[in-house]
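Look for chain A in each of the two complexes below; its partner is chain B in the first and chain C in the second.
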Partner chain A sequence: MTKEIFSENSEGGLRLDPRTKLLMLVVISVVLTTGGYGQMMTLARPLLAVMPIVLLACSRRYSAAVICSLTFALAYFAEIFLLQFVGGLLNFILLACVGILVRFMPCIVMAYFLVSTTTVSDFMAAMRKMHVSEKIAIPLSVMFRFFPTVRDEYAAIGDAMRMRGISFAGGKPLKMLEYRVVPMMMCSLKIGEELSCAALTRGLGAPIKRTNINNIGFHAQDYVSILLCAISIVAYVQWVLVS
Partner chain B sequence: MQKPTTPQAQQANQQIIKLVNVNFCYQTSALMQDDEAQGGLCDINLSLNRGECVLVCGESGCGKTTLTRLLNGLIPHFYDGFSNVEKTDDVNASEYLQGQVIVDGKDIPNTQLYELAGTCGSVFQNPRSQFFNVDTTSEIAFGPENLGLPESEIIVRVQDIARQMHIEDLLGRNIFKLSGGQKQKIACASVAALQPKLYVLDEPSSNLDMASVAHLKDQIECWKTQGKTIVVAEHRLHYLRGVCDRVLCMRAGRIVADYSWEEFEAIGSKERTALGLRAFSLDELEALEMTEDVAAPETPASAKHVQAKMLLLNNFIYSYKHSDNALSIPEISLPKGGVIAIIGANGAGKSTFARCLCGLNKHFKGKLTISGYCERRKKLGVNACASCSARGKAAVCRALRESSFANAARRKLCFMVMQDVNHQLFAESVLDEITLGLQSQGKDAEVMANEIEEILSSLHLSHLKDAHPMSLSGGEKQRVAIATALASRREIIVFDEPTSGLDYTHMQRVAQNISQLNELGKTIFVVTHDPELILACCTHALMLQCGLAKDNFALDQVGRHKILEFFKHEAAS
Partner chain C sequence: MGNSSNMTSSDVIRGNGSVNVKDNSNTSGSESNKVNVIDNSSDIFNGISEDSKVNAKDNSGYNTTEIAKDNSDYNTKEIANGNAKNTKSGGNSNIKSNAKNRLKPKDLINIGIFTAIFFVIVFAVSFVGYIPIFIPALAALCPLAGGIPFMLLVTKVRKFGAMLIMIILVGLVYILVGGISSWILPIGIVTGLIAELIVKSGGYKSAKKAIIAYGVWSIAIFGNFVPAFFTRDAYYQVIIASGYGQEYADAYMSFMPDWIAPILVLACFVFGCLGAIIGRAVLKKHFVRAGMA
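Then we have the complex of A and B:
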């Protein structure tokens, strides 16, 4: 029972090693944004695009998964069938939209999955296993901690702006950006300072080998994901060599 | 181990904290000023024995936060400062600090922060910003992990602490989804996981409701029975009664008095308020009510003739995603021109109510109706209200004695002074801040300038009008926010926890500001956990429980008693 508390993802669902997730993010980004079509790539592209969506569904983020799969299916369909029937400027616009959606959306979905399902502590453990220096690992893990904070601050500032009737309707987009960003930086600075105090008084940064109670490691699901990534890489390399 | 033989050695062993002739002064940059950071320290001599539980009190900026930072090593290792000695390039941090600081035999300036982690545990003021992880279990394990303890021991420690503090149900949760009180519990647990000998708490209760404060008290008592030494810097004293046995009063960086708790309470409420301290206990507040016959804040003259006028809130029902109704008030009427306290435990729907009132929640269908509103607006010569201008005729407006406001209209009618005022200050100077967004009203520039001048002087901000809002103190920032509300002619001003973490003097100032606004005929809502503030300035109370309006009463003699009973009940639960 004790093991359950410490090793199970509290939100339930599929649990992947953070290193697998990182690998997938890199592979998806590289292959989808720089790769083209033809031969094995015709197979690898949809495979890579579908993977993050499947992962979302497996981690019980159903609504996000449904929205993403519909958008992607639509864009993919448009790219393959619709583009040849329209011409001129419309073709250009459609191509741009569809291209961005098909190429970048899976990367964004994967990044979202990575950030939302990895705890700071898992991430630190993964960084250690990959022998990444603490100088890089600590700032990166603070970033994980900061995403939700920034979101909260952003919402609070947005409320304050709406209350004051400050909006983009004023026609000064640069000023708007300033009103948004300056208070957010001030608040983040303060929170960052308090956060550092709390972390330092609890011994962060000690030159001791840090323990980590999160047991990360590769399981069946990791091997499957890595295999799929390997297939995509082979397809990509082949495509690069041919073209 | 050698047994100490001489009395001196024994005494030294008993002592956990020893400060000798300590002087310290912050080196603050203009932008990062906050009230607490003003206070340096002057000639501090202090020794504490093991197992003592000490309260450090005094008004804001008296140096009590600085004292706690000295004990946990944040000074001099995190906060730079300079001593009276001229600072040169080659002095290292420890030389800004004069005197001797010894905690558990460790000389603080020459000890690294991480070496202190197992000695001194710190709990801070803001529950939002003192956790490093996103989930609770890793947060509690975080300290021991940093010290490199073996995994099996960490797991045992986390479980022990969870059992001890009755927070098993909080393990494995996302910290961002916890309430303030729960976050503070996790903060206490994660400090306790390091098993320090000394606990230093810096205003741990300032963002908590009464029930969470009671939990905090239990926690401190538990540490006390374990024989730990505890130092608490606080404004709110009532929960520490019977917990702390020694009280240090500070003023302007010096320790001015060193009492036992009994001596401390004997100084009486006059002296206490002079020291800038909050009430010793809720009983004391009640006794004050009884004896001094504190007249209920008089209904201001301007409010009297509108007394019959009411605010009618309809259909105030709102729920967040994936949860039950956070707020469910089908209909309620509140006095226009009153100061209405909104009270209730954490999660009772107070903030939701305030946000709905200000029109900040999208898809919220509730309405606010003000009786007699149009008539007054007509007299003031201001544009007719939204519903009247929709009809397009001023004549209709005069006849219409009621006007109702939906979400968007309420955003122009109400203004919220947020708990963290930093979120609502945008401009580069106080004057710009106040004029921001006003141009659209198309008023005569000169009239407007005069009006703003008046507002500034009434809030004692005239001398600051060219200052950057972010360089002001917390109280001044709050007044700038109030000024923006006045300049944009809001009728309803909502304060969200305006006095959390404030001492008596500053709390009184906020109460004065609120009363002053009320005299201008504004209706004020105050979301608060602070009984002293309510007694000082509110005229009406709305009590929420689980999103329902449980009670709604005027703060006359009976009402004031009811308020005190409510807070006592909260503290006892």
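Then we have the complex of A and C:
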């Protein structure tokens, strides 16, 4: 938790403006989940799918990048070649797996990249520059920070439950919900209290304007990313108009 | 009881909240305490929480009140059941505090956390929708599953705006990583506002109104299905063109005839209420007993 909640970009690597990352996330999710194939989209889709993986590699998260690229390549292959040969129920099941992977994985990888390489103060600085109200910005940044925590805590709770012989096999599903969700929320409450203490010491909620030492701004790498996003948007718009 | 509460809240403003809160629970609290905890379990929305009571008068000076508020907050938690008692005695300042209950950073953080949990649960559930026959069932499953975090949030943050911000965040995240369901945000703003007004009319105390509010609130989930009904042909094309395949699109449309739309809205509401009832039961069973809600 500590590493991801307070992740610093001190390990070096590529440094993007949070606004660029947000733009890329939106573009990737809209184009990949609602867009189809054909014409320029055949170019734009792989471009967008590969982009978050390249970004992961550039920010020195090599293992994550390798895992993601392998999974994605496999799913893409299955979608293009395998789906034509199966029908009926098997098709649905395969489609479910492949569809999730092909459509959502780039988004999820991008979201992971956004969360793991953006510090809270970077994010808040970006939000301020975009003139987003604090009432939205604070919960939003907490939420993005909290997704990795949910995963970690859930794994820990799962371990504890298994140790006591409580698992999905043979259990009642409603009971399972209770055994998983309730401890989850108990520790979330604790974490929330700690977070608000930390926030208070940093002057969050003070009636004065907070300053921010984070120096965010657009650089060459941002312009390149924005250009790629623009190309994809053009491809998407063209596809929408044609179909 | 009412007198002592007034003393406490004004003393908290002076900055020695911790001492007073402790005193209060020791003297006037101890026996009514136990009664209250048991009583409270029938109504988790009993009274207003410690922060908002302090809130009533806290626009005087930022620093002292903020610290005082926090002290008192943590002390009541340590006393464990002091919270339940204070909520009861806070009834007086209740009406006054409604006028001036801004959301504090702590509340905003809680909103963020519970939205994250809500979203994780609902996102996990909605993967069921890849099997076409379960698509209409999502209108029931999503509100049902999200009841627990929602009810806990509503119990923790009894101020105007919590539900609204939560649904805005959910809508934003759906746009960010969902792409398809950009309708949740506009619908959610409307239903979220209505839900806020419902809870507000109960003074943030009534459990029944919170349950109904969650039902109304979760009608926003219907935003997922809006394109299927209102732009049916275009959506059919989108499904096919985006690679889900002809079979999936046909199945999707056959399970989503036009007449099902009002049923889905109703299902969102009914199962939302049901989810809230489950959430409240879980809250009573675990969180109230542990002094955390």
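Keep in mind that, in the parts below, the second predicted complex is superposed on the first by the 205 of 243 C-alpha atoms of A that agree within 3 Å, B and C clash if a C-alpha of one lies under 4 Å from a C-alpha of the other, contacts with A are read in each partner's own complex, and residues count from 1 in each chain.
Keep this in mind: a residue touches a chain if its C-beta (ideal position, glycine included) is under 8 Å from a C-beta of that chain, and two chains touch if they have at least 3 such contacts.
Note that the coordinates shown come from a computational prediction; the quantities given were computed from them, not determined experimentally.
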Which superposed partner A:77 touches (first chain B, second chain C, both, neither): neither
Which of chain B and chain C A:223 touches, first, second, both or neither: neither
Touching partner for A:120 - first (chain B), second (chain C), both, neither: first
First, second, both or neither for A:104, with chain B first and chain C second: second
Partner chain(s) touched by A:62 [first = chain B, second = chain C, both, neither]: neither
Partner chain in contact with A:150 - chain B first, chain C second, else both or neither: second
Contacts of A:196 with chain B and chain C, given as first, second, both or neither: both
Chain C-contacting residues of chain A that also contact chain B: 142, 145, 178, 182, 186, 189, 191, 193, 195-197, 199-200, 204-207
Sites on chain B touched by chain A in the complex: 31-32, 34, 72-74, 77-78, 112-118, 120-122, 124, 126, 128-135, 137-138, 141-151, 154-155, 158-159, 171-174, 176, 187, 190-191, 194, 355, 358, 360, 411-412, 414-416, 418, 420, 422-426, 436-437, 440, 470, 484, 488
Footprint of chain C on chain A - complex, ascending: 22, 25-26, 29-38, 79, 83, 87, 91-92, 95-96, 99-100, 102-104, 107-108, 111, 134-136, 138-143, 145-147, 150, 177-178, 181-182, 184-186, 188-189, 191-193, 195-197, 199-200, 204-207, 243
Contact footprint of chain B on chain A as seen in their complex: 2, 5-6, 8, 10-11, 119-121, 142, 144-145, 148-149, 152-153, 156-157, 159-166, 178-179, 182-183, 186-187, 189-191, 193-214
Residues on chain C engaged by chain A in the complex (per definition of touch): 62, 66, 70, 74, 103-106, 108-117, 119-121, 127, 130-132, 145, 148-149, 152, 156, 161, 165-166, 168-169, 172-173, 175-180, 237-238, 240-245, 247-248, 251, 282, 286-287, 290, 292
